[in-house]
Amino acid sequence: QIKIGFNVPLTGFAAADGKSALEGAKLAVAQANAKGGVAGQKVELVVYDDQASPKEAVPVATKLVEKDKVVGAVSGSYSGSTRAAAGIFQQGKVPYVVSYAIHPDITLTGDYMFRVSAMGEVQGRAGSMLVQNLGKKKVALITLKNDFGQALAAGFKEGAQKFGLQVVNEYEYGMQDRQFGALVSKVKSDNPDVIYASGYYFTAGPLVSQLRAAGVSVPIIGQEGYDSDKFIEIAGAAAEGVYVTTSLDRDSDSAATKSFLADFRKEVGSNADMVAASSFTATNVLIEGLKKTNGKGGDALKDALAAGTFETPIGKLAFNDLHEVKKDVQVQVIKDKAFRRHSVISGPLLSPPSKPAK
Amino acid sequence: MKIQPQALLRVANVTVRFGGLTAIDDVSFDVQPGELLGLIGPNGAGKTTMLRAITGVVRATEGDVMLEGDSLNGMPIHKRIQKGLSLSQQLVKPFREISLLDNVALAAGMARTRSPLKALMHVSQDEEAAIGREMLERVGIAAHADQKPGIQPLGILKRLEMARALALKPKLLLLDEPLAGLNSKEANALATTIAEINRQGVTIILIEHNLGEVMRVCQRLVVLDNGRKIAQGEPRAVMNDPAVRSAYLGGDTIAEKAKQPNLAVVGGTHA
Amino acid sequence: MLELHHLSCGYGAFEAVHDLSLTLRPGTITGLIGTNGAGKSSTLMCVAGHVALKAGAIMFDGQDISTLTPEQRVRRGIAISPEGRRLFKDLSVEDNLRVGGLIQPASHFKQDRDYVLGLFPRLGERLDSLAGNLSGGEQQMLAIGRALMTRPKLIMIDELSLGLMPKVIDLCYRALQQLRQDGMTILLVEQNTDRVLAFADDVCVLESGRTVWQGKASDALNDTSLTAAYLGLH
Amino acid sequence: MLFLELTAQGLVQGSIYALVALGLTLVYGLLRILHVAHAALFTLGGYLGVMVTNATGSLTLGFIAAMGAAGMAGVAMYRACYEPILKQPPFVALIASIGLYIAFEELFRIIFGAAGLSYQAPPLQEQVALFGGLQFKQAELLVMLGTAVIIGVLGYLQNKTRVGVACQATVSDPQMAESFGIKLRQVRDINFFVGSALAGFAGVWVALLNNLVEPTMGSVPSYKGLAIIVLGGMGSVRGTLLAALVLGIVESFGTIYLGKLLDRNAIAFAFLIAVLMVRPQGLFARR
Amino acid sequence: MEYEISLLTTMAISVLFALSLNLITGFCGQISLGHAAFLGIGAYLSALLSKAGLPFLATLPLGMLLAGIIGAIVGLASLRVRADFLAITTMGVGFLFVGIVRQQDWLGGELGVSAIPDSGLSKVGFMVFSLLLCVATAALCIYIRKSWMGRVFNGVAEDEDTMRVLGIDVPRYKLAAFAIGTALAGLAGGLYAQHLKFIGPDSFGFVESVTVLSMVVVGGIGSVVGVSLGAAVLSALPAWFQFIGDYKLLVYGGLLFLMMRFSPGGMAALVTRLVKRNGGRA
């Protein structure tokens, strides 16, 4: 048996995403095993709950490395916990594939780190490009106060400067806020052309619905945090027309994407979201790497991952020298209660950072 | 008023107000070194408040309190205690988690506890325990030394309160109804103890409603009524003062009789 | 009226009162005396239902009330002015009296309050003060007044004269005599032994939780061995 | 205009705070327990409101179910959790309450799913235009109105009636309260029931305003409620209301004009600390 | 083995942290619901100074100093308010700390501080070092308990008004308790940062403050041995409970509740009771 580790928030505030991530990873493992596993052996996913908290992630990662002796690991968790775990995997020389945590320091931790998603800054820049593409100028920036939101805002502002957009006002709100009355009133009085608001579906749902209810009708741009059917459920009619920059394109022609979406539906019984797709991808990437090394971990696996290219539901991936991927950002728009393709953003603006010169 | 520069304690024109209520109204008196002064007056006259103003538990709204010529104004409680005051309260408040002896020893350790640093450097409590035992004996409850206050009856606690105040080795001891809750024999004994302590050089202000004992041990009386000082002087003379008699002793005057409530109202229904 | 049959009570394993039998005749004053720690307060609190009954029975008006809750006992007509006063410190004087009158119809309140204020005019000047801010004596008055507000058949007063000035003590005793005439039964705990012996009909002397003497107050005064040994009279 | 709107939004937020804190005030006022688990009843109310409304189509039924269940759960909490440890020092009850809160949060997650629930067709969402172009959702208007009425009634009960005095007597000295004919358990049960039902009531409103109930929705009220009763001076209905509204308005303006300097919680607590340093007994203490 | 080493280190740091709160809340009776802020102050200072090139060991006393000074300032606030008011005030201090840190770019803002340089001690070395500090702290606590300071703390915890009448400078003692307790929390913070190599504002929030308070209370407030036990057990609990996965926090919350409900004196009381019963049988 080949063991791969998986740290994921199953309890605590991020449990909903954690559940989705776990389903994605489990699907990847099941599919691999159905096809005969790796080097004739079955793949086993060792799952630990990290509560999305750095403090809990450290013992979890240590346990995976020391006790379970996993050959590689996948993060199905948020940035904070993933960062804390990263150091331990790096020290243990265990390749660690990160699915959707966006903190820049993760890949900087060392060469055993890999990330399959776009970093926050990159996605923020893509957001600014979308504004440009929509032909809008005056942006109200609403930022979720955590590492995710802050990274997005930084990227967005960087892009905005490049495109000559005007950020009329910038607001921040907390992870636990659900009532945005004051903020909405103020945004309304700012009278922007477009709103760029970061958040997770559980903050974005109420935010968008409250904006719309107050009569703010300008386009709203969200990002991968919105990417869940729950967002549409919460925001209801208000969700219609909201743009989302993400890594999953529901209308993709790619076979990998199509089969993933179908398989997920069949196995889990609900629609896959970005978190599920990313975790599936990360797990799959790791398994593909293992196939190349015949189940060996360590340096061999690291090199195999670094050298490989992977067909995944979120596009064709290859890692750069910092082990970040360069890929296009998908813009989805909500139409008739479903995520639909709007456009794809690509170009040099989306280049991930590469290894800092020492 | 005669000014006596050598007064140990001097209360000068003190007024205490609680919101709209004037509990003490422009009261002045002196306490001479070595004196045993009785502070008496009707319920709610302001006696306890007076002691509290002296110790700083309540702030005087106006006026000044001076100990050995130094003004105590604005001085926090603990400084006043360290300067030589000590208060035995009307409502007893022992520390319930520790024994009676430790209660007294804690007070006796004042030199050690003056600053946290000093307190941190010292561990032994032997000396203080010895003082504690002595004080408990003095007030007659040494037999209970190792028990916790929680289960003690009121009479014991009243005396514990006094032992604790004594353990501070005060120059001026303020006693608020130390005899309350004791039977006449015990009250008599404790009053004698108080007089004895006084003879050993501790100046004392005594609040008491037990007039028999007050008359027996006090050298001088100050009488408050409704926040005002209505009399002071030699006990017998004060007691004969008609103002004092009517406010405090309730001689059967005609007016008194007329005010007697109609007692039949309550209780009759059930009987 | 109130009959204690071989009553023992205490705290946890500790027995504060042993085998106390006492009968209060209706419309009389009974004094309960004894040194500190004798068990007087414990007896009162046991009758009120707050100290655990370990053996024996409490009969009131011919019925066994041993198992009733304190709340049921006061409705039967037993009121207490407890040791330590135990006022509702965060309530005003008037509200304390109001609580006293809770078991009576609201319409009685004004009348009963005025009676108490007539007894203790000092309280009338402090109606809006919080009970916790009252002076010691004022608190004692309020504790007694609050008990009276229940219109009890039996009132138990612990340390009646504690903290009261001589004039008010006189008043209280006179009021109690009047209440007795009106048919109320009174159980008094008092350190002021001379006073009790002069006023009470019956006395019971406790010592370390045991009865050492019981009988008519007038007889107690004549029993010199008793007065010398237990009552601290000279 | 913006000023008016921000004030109005502050009042809406404040009303929700008031409803949650009010239940806490009743409990705190009675038992001096920092009843963190109160927020779990708020969440319970939210869940039941959404589920019953979704199942029956009637919001009224949703309210009844939410308030009834939260009220009963509150009484059960008192009996099972607090009554046996009343004599213990206050932090014992605090930690028990926190444990209970965590357990409840997890139960909600395990039973109802981590992602939360929403109304299929959220009621009371229409906009109502008031004077001066001020706009409200129906739900927002109703929550303010409801809060005002409830506070009025409770304030009257607490201050002017025998029931109120009886309740307060049990605080200072429960034993003596019994000795004056007060049924201790009954008084406490009723207080817990009413306070908890109010939390459930608030839960339904929040669900209506956000169209979302989640296992963690009680975490902010769990501590903000405590902050409000302290700010209000502890135990008084009127003080709690005023404190909640003031805090709502402070947050409303604060998040807009100070949001870059401090987050919402920090603004609220900075205000709280500032007030307590000047008035250690709270804004509206009776003493 | 490394797993056990890491777990043991975590436990040692938690015990130290819990003891530091016990000094304030258990000994001196001043309840604090924002103690994690001081863990944070120590952690941030140590992390930043380490990154600036200072040797790890040198950062610890500095962290203690800063935490202690700020602790004393918060202590000043505690002089104004009491009991539940103090609990909520300190809770506010915790929120304020997190709110301020979030906004400071030089503290890493939301992103926190990572890549904290290694102490140079090996894993085992660091564990031993943490354990030593933890034992030293426990010894200090026991000594304080026995000293006159401990007696005064006790009195202040029970009835500060009466302490004043006994001539005790209550404010200074409260400040002393806050200063010592928060300095020790700062020490724990330095170890924490070094152990996790990553810190962010969320690691020092309300949840953390509540967690440490539950360690103290579950252990048995005031009892040094009890609190150490409580902190050791509660800090390792999530790791031990991995096998129940989804029910982890449910069980954790349930245990907190049951413990308080059936053994309000905490583990200290539980152990005493068990020992007594067994002794009785033997």
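Order as written gives the chain letters A, B, C, D and E; numbering starts at 1 within each chain.
Rule of thumb we're sticking to: a residue touches a chain if its C-beta (ideal position, glycine included) is under 8 Å from a C-beta of that chain, and two chains touch if they have at least 3 such contacts.
Quantities reported herein were computed from a predicted structural model and do not represent experimental measurements.
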Between chain B and chain D, the fewest touch steps amount to 2
Shared touch partners for chain A + chain D come out as E
Comparing B-C with C-D, the one with more C-beta contacts is B-C
Looking at Cα centroids only, farthest away from chain E lies chain C
At the largest C-alpha centroid distance from chain D we find chain B
For the pair chain B and chain E, the C-alpha centroid-to-centroid distance in angstrom is 43
When centres are defined as mean Cα positions, the distance from chain A to chain E in whole Å is 35
So, in whole Å, the Cα centroid of chain A is separated from that of chain C by 76
Residues of chain B that touch two or more other chains sit at none
By the touch definition above, chain E meets two or more other chains at residues 102, 246, 249
Where chain A touches two or more other chains at once, the residues are 11, 145
Per the touch criterion, the pairs are A-D, A-E, B-C, B-E, C-D, D-E
Residue set of chain D touching chain C in the complex reads 162, 165-166, 168-169, 171-173, 175-184, 287
Chain C partner, complex, touching residues on chain B are 18, 21, 41-45, 47-49, 90-91, 151-156, 177, 180-188, 209, 211, 247-250, 259-271
Per the touch rule, the chain A residues reaching chain D in their complex are 11, 13, 15-16, 18-19, 145, 170-174, 176-179, 181-186, 188-189, 202, 205-206, 209, 213-215, 228, 230, 233-236
Interface with chain E, chain A side, in the complex: residues 10-12, 47-49, 51, 53-56, 58-60, 62-63, 65-67, 80, 83-84, 87, 103-105, 108-109, 145-147, 149-151
Contacts from chain D onto chain A in the complex sit at residues 1-2, 5-6, 8-10, 12-13, 16, 106, 109, 113-116, 118, 122, 125, 127, 135, 137, 140, 206, 209-212, 214-217, 219-220, 251-253, 255-256, 259-260, 263-265
